[in-house]
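Next come two complexes, and both contain chain A; in the first it sits with chain B, in the second with chain C.
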Partner chain A sequence: MKRPFKTRIKTLKIDGIDVGAREDETILELAQENDIFIPTLCHLEGVHDVGSCRLCLVEVRGTNKLLPACMTYAEEGMEVITNSERLQAYRRQVLDLLFSERNHVCSVCVSNGHCELQWLAGKLGISHVGVPYLYPQLEVDASHRYYSYDPNRCILCTRCVRVCDEIEGAHTWDVMGRGVECLVISDLNQPWGTAESCTRCGKCVQVCPTGALFNKGRAVAEMTKRRDFLPYLQTMREGRK
Partner chain B sequence: MSKTITIDPVTRIEGHSKITIHLDDTGRVASARFHVTQFRGFEKLVEGRPFHEMPSLTARVCGICPVSHLIASAKACDALLAVRIPETAAKLRQILNLAQILQSHALSFFHLSSPDLVLGMDADPLQRNLFGVAAQSPDLARDGIWLRQYGQEIIAHLAGKRIHPAWVVPGGVSAPLTADKRDVIMAKVPEAIDRVRRTLDWYKEVFGHFDAEIRTFANFPSLFLGLVSDNGELEMYDGRLRFVDATGRIVADKIEPENFGDYIEEAVEPDSYLKSPYYKSMGYPDGIYRVGPLARLNLIDRVGTPLAEEEWAEFRMLERGASLSSFQYHYARLIEMLYCVEKIERLLDWPDILSEHVRARAEPNSMEGIGVSEAPRGTLMHHYRIDRNGLMKWANLIIATGHNSLAMNKGVYQVARYFVHGEKIDEGMLNRVEAVIRTFDPCLSCSTHAFGQMPMSIQLLSPDGQVLDQLQRGV
Partner chain C sequence: MSEKPTLATVWLDGCSGCHMSFLDIDERILDLAAQADLVYSPLVDTKEFPEMVDITLIEGAVSSEEDYHKIRMVREHTRLLVSLGDCAVTANVPAMRNRFAVRSVLERAYIENADLNQDIPVQVIPALRETSIPVHQVVPVDVFIPGCPPAADTIFFALTELLAGRKPDLRTTTRFGA
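Let's turn to the complex of A and B:
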């Protein structure tokens, strides 16, 4: 992300605490700096934010709109509330809708126990899903030599799309369709194994928050992911410029 | 005027079922059927899934014997990988399977069937349960609970949790055994042996009181099927299939598990979700056979562990050929529990059991795989086909309870004919018809891959379908 050359300091309040922020800093970054927890799913350190998952919505005094913390920059005199009953209800609803949209069955998932969606559901106190499941019939794409893509577990966070485009530079992944019909696709909506742009680097697999992208041959609960390489990669690249 | 009695739902079994008994004009039993009333469709819903998920997916068929499905499924997946798994992994899987058989047998014998044996078939149904047993014979109840717990603890030590562990994977197991866990399991072996032997002694004292039941509880000639090791010993994990007949004579032997389809076919019954496999060359329904503890002890040449061997020798003295009364499933179950504990001890003593090499890795090398193992209730078969990307195209599961389907039907008829007379149903009769089903320890959720509760009811119907009398058990 390109930052303005000169940075100015803004002073504001988060959850009643006085904090100082650079003007190019988002509420989310600021909160994380101050050990304030804001749930996220699409946010990924090292790539652009898109504000699509709506889990990081926060309240800002003076506006009735809820604002995504990952896309909202610190402003002078701002008063931010990161956790209220209203926010909790909305966040749970977002997770409800995510769970109901695809076929998320934790018990038989490769990422069981290592899944950000599952972890967040526990953290936010989801004991059951309040809306009817859609049970879409989506086929697993196991055509790739090393990895598999199970759209049944995809939450359309587009981390894979962004990491492939911004870090690897291959842009194998993209999103097709609209609304609940949205689908992450490889190249021209073809089997992943036939996507010529794919370099087989596997970054998409590592950044996927759920079990939608996983290494082939992993059994249930065996897919752990490592994400630490991303900020490191970015630092190294910036250092070289 | 002829009538039908329906027992719906059947109690103290695993799964949901009903029994119908048809009476003729004179009030005598004309026919009786055992119906399994649930459907789940696991074979269909696994289609399209990566085969590496199959052990955990099919384990969800059942909460009582998830381990059995894990084992058979992982063996089918090993066949898809076309690898020979490390010996340590095979032995660890064996221990897990034996622990599963131990805990499930304890559940069947103590929790589900001992009320009939301790309190009597005609006892007050309000007392005829594990609490009644605990009041009358607290030591027996304690032994049962302890043994089941021990089996479950072994599973938890090896696989991380008691129910639905994900530890068994295609190619082996996901983590080695540690010395401290081995020692914890080992430390309880002597107590486990004592408790099983005490129960065996008790059973041998009391089963003589159940003469009428022994004579009529699915007591008829049939074939028996099970796995046998290459040297003729009792085998729960590997080995090859053997059929023996009612005289104990070997009908077919050394059948490679992957060739089971040459010997077994499945018939579909119009009134049950449970399919009825039969021995192919004898046709349907003459090719009736039984699986499970009774079958296994009927078809082996020897047990292979010393204490169980002695008990088995005594068991074989009961009848000249094979033991034909399904009542003796109880006896066989106890002997197998003893075998399980002895065998677990032996396997844990194996020098390389703590080896860290417990998994073989490969891409799918075969498009079709079959895994066969012995589950508590009998021979369990998983048969998979995959595409070249490793996604499931087709699955067929043949479950132990399914193998016993024809025999359970015949057994229900036999018991009903002996104990049921006239228009009025009495409780003891109802219980005996259920008890014959209990001897098989059917797991209906497994066998139909079904879900639901387990109780049972009986109806008495006239030929025109009118309900004359009805008895229902707490749902």
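Let's turn to the complex of A and C:
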């Protein structure tokens, strides 16, 4: 989402490289423009950022705090480090916690081989999970006519919540509870199939990074997601203004 | 006895798919045999785990009392312990029962879904522990090879690297669920 004021250019350093950025640009956008890889999970081109997954944390000189690249705007004279041992350790820890908090079983998942969590684990060199698994009791919701929701595979990125609210305008999904009790729910915490606000558009299914939301009838590794509609919709809507 | 390094493989709570994948290295098993002696495995006849083994591959999660005692014994008699495959690394499918009480899992398997001899076995079959857990939550593990199963090429590569005294970098060759 762009800020409304007049755009000015800022000059800063990312990983020692001098770069120029619009002041309404985030560090993440800037890094992507300059082919610098920053891992993300909750970020989704086309909807608001929320900075919830903490994978895109970067170091900024002058502050001891790590800042999420997706929520931090470019500033004059900033010196950003996107990949240090400290950052790598925290990112691995984030993935460790995501894997241990729910019941992720890659080998029997509909999204095996097409999952962003699984892909990132490989990319960041997670060979095993260092913390004990929690094995929570979570029910699969297969009440919807076309789709299923398996909270066992949910990482609470809230992409579904945001795409349903901001793009479809239905706001069927939302978040309930805090900490490990946190859950994505439909309407008033009722079976998805009974959620009257749902338009059955399936945008949430397509943007879900894991196998938490999937088309019915898909077996192991069969669920591929199509994200191309989102930048398309965004472009078309911007053009109409 | 030859001076070659020794190799063992152990099968805990897994489907034996990792051992099958290991055998899928086909004729390269001769290369491996030239580099190491396979001294203990479900694939060979030895009954007792040797005094000291250089490299031991573990397939499967730690699910039963037998698994638990075996893995601790194996760790004591192994220099380099390798978790082979998702069950050893993450507890994978065996851990899917962890959300339910052992009693209800056994009832489901041996009574509700059994047509004949509806009875929960108490002899011969080792008792299940409360949860199925990855090997590294019981004993320290030196090398992890994720995959369900890891490809034959991955296993062969990892073993050749380990036998050459290097730690294999498997980041691009395998992953959870591969």
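What we mean here is this: the second predicted complex is superposed on the first by the 239 of 241 C-alpha atoms of A that agree within 3 Å, B and C clash if a C-alpha of one lies under 4 Å from a C-alpha of the other, contacts with A are read in each partner's own complex, and residues count from 1 in each chain.
Simple rule for what comes next: a residue touches a chain if its C-beta (ideal position, glycine included) is under 8 Å from a C-beta of that chain, and two chains touch if they have at least 3 such contacts.
Keep in mind it's a predicted model, so treat the numbers as computed, not measured.
When both complexes are superposed on chain A, chain B and chain C clash. Looking at the shared chain after the overlay, A:S107 reaches both chain B and chain C. In the superposition on chain A, no contact is made by A:N34 with either chain B or chain C.
When the shared chain is aligned, no partner comes close enough to touch A:N83: not chain B, not chain C. By the document's definition of touching, neither partner reaches A:Q234: not chain B, not chain C. Legend: residue contacts after superposition of the two complexes on their common chain; A:G122 is shown touching chain C, with no touch to chain B.
Using the contact criterion defined above for the overlaid structures, shared-chain residue A:A142 touches chain B, although it does not reach chain C. In the superposition on chain A, A:G217 contacts chain B only, with no contact to chain C. Set side by side, chain B and chain C differ in how many residues of chain A they touch, and the one touching more is C. Look at A:P132: by the touch rule set out above, it reaches chain C but stays clear of chain B. The clash between chain C and chain B in the superposition falls on 116-124, which is one of the stretches 26-34, 80-88 or 116-124.
Across the two superposed structures, the residue set of chain A contacted by chain B and also by chain C is 107-108, 112. Chain B makes touch with chain A in their complex at residues 48-50, 52-53, 55-57, 60, 164, 166, 169-170, 174, 361, 363, 389-391. Across the interface of their complex, chain C is touched by residues 99, 103-109, 112-113, 118-119, 121-123, 125, 127-129, 132-133, 135-137 of chain A. On chain C, the positions that touch chain A within their shared complex are 83, 86, 89-93, 95-96, 98-99, 131, 133-134, 136-137, 141, 144-146, 148, 170-172, 175-177. Touching chain B in their complex are the following residues of chain A: 107-108, 110, 112, 139-140, 142-143, 148, 150, 193, 216-222.
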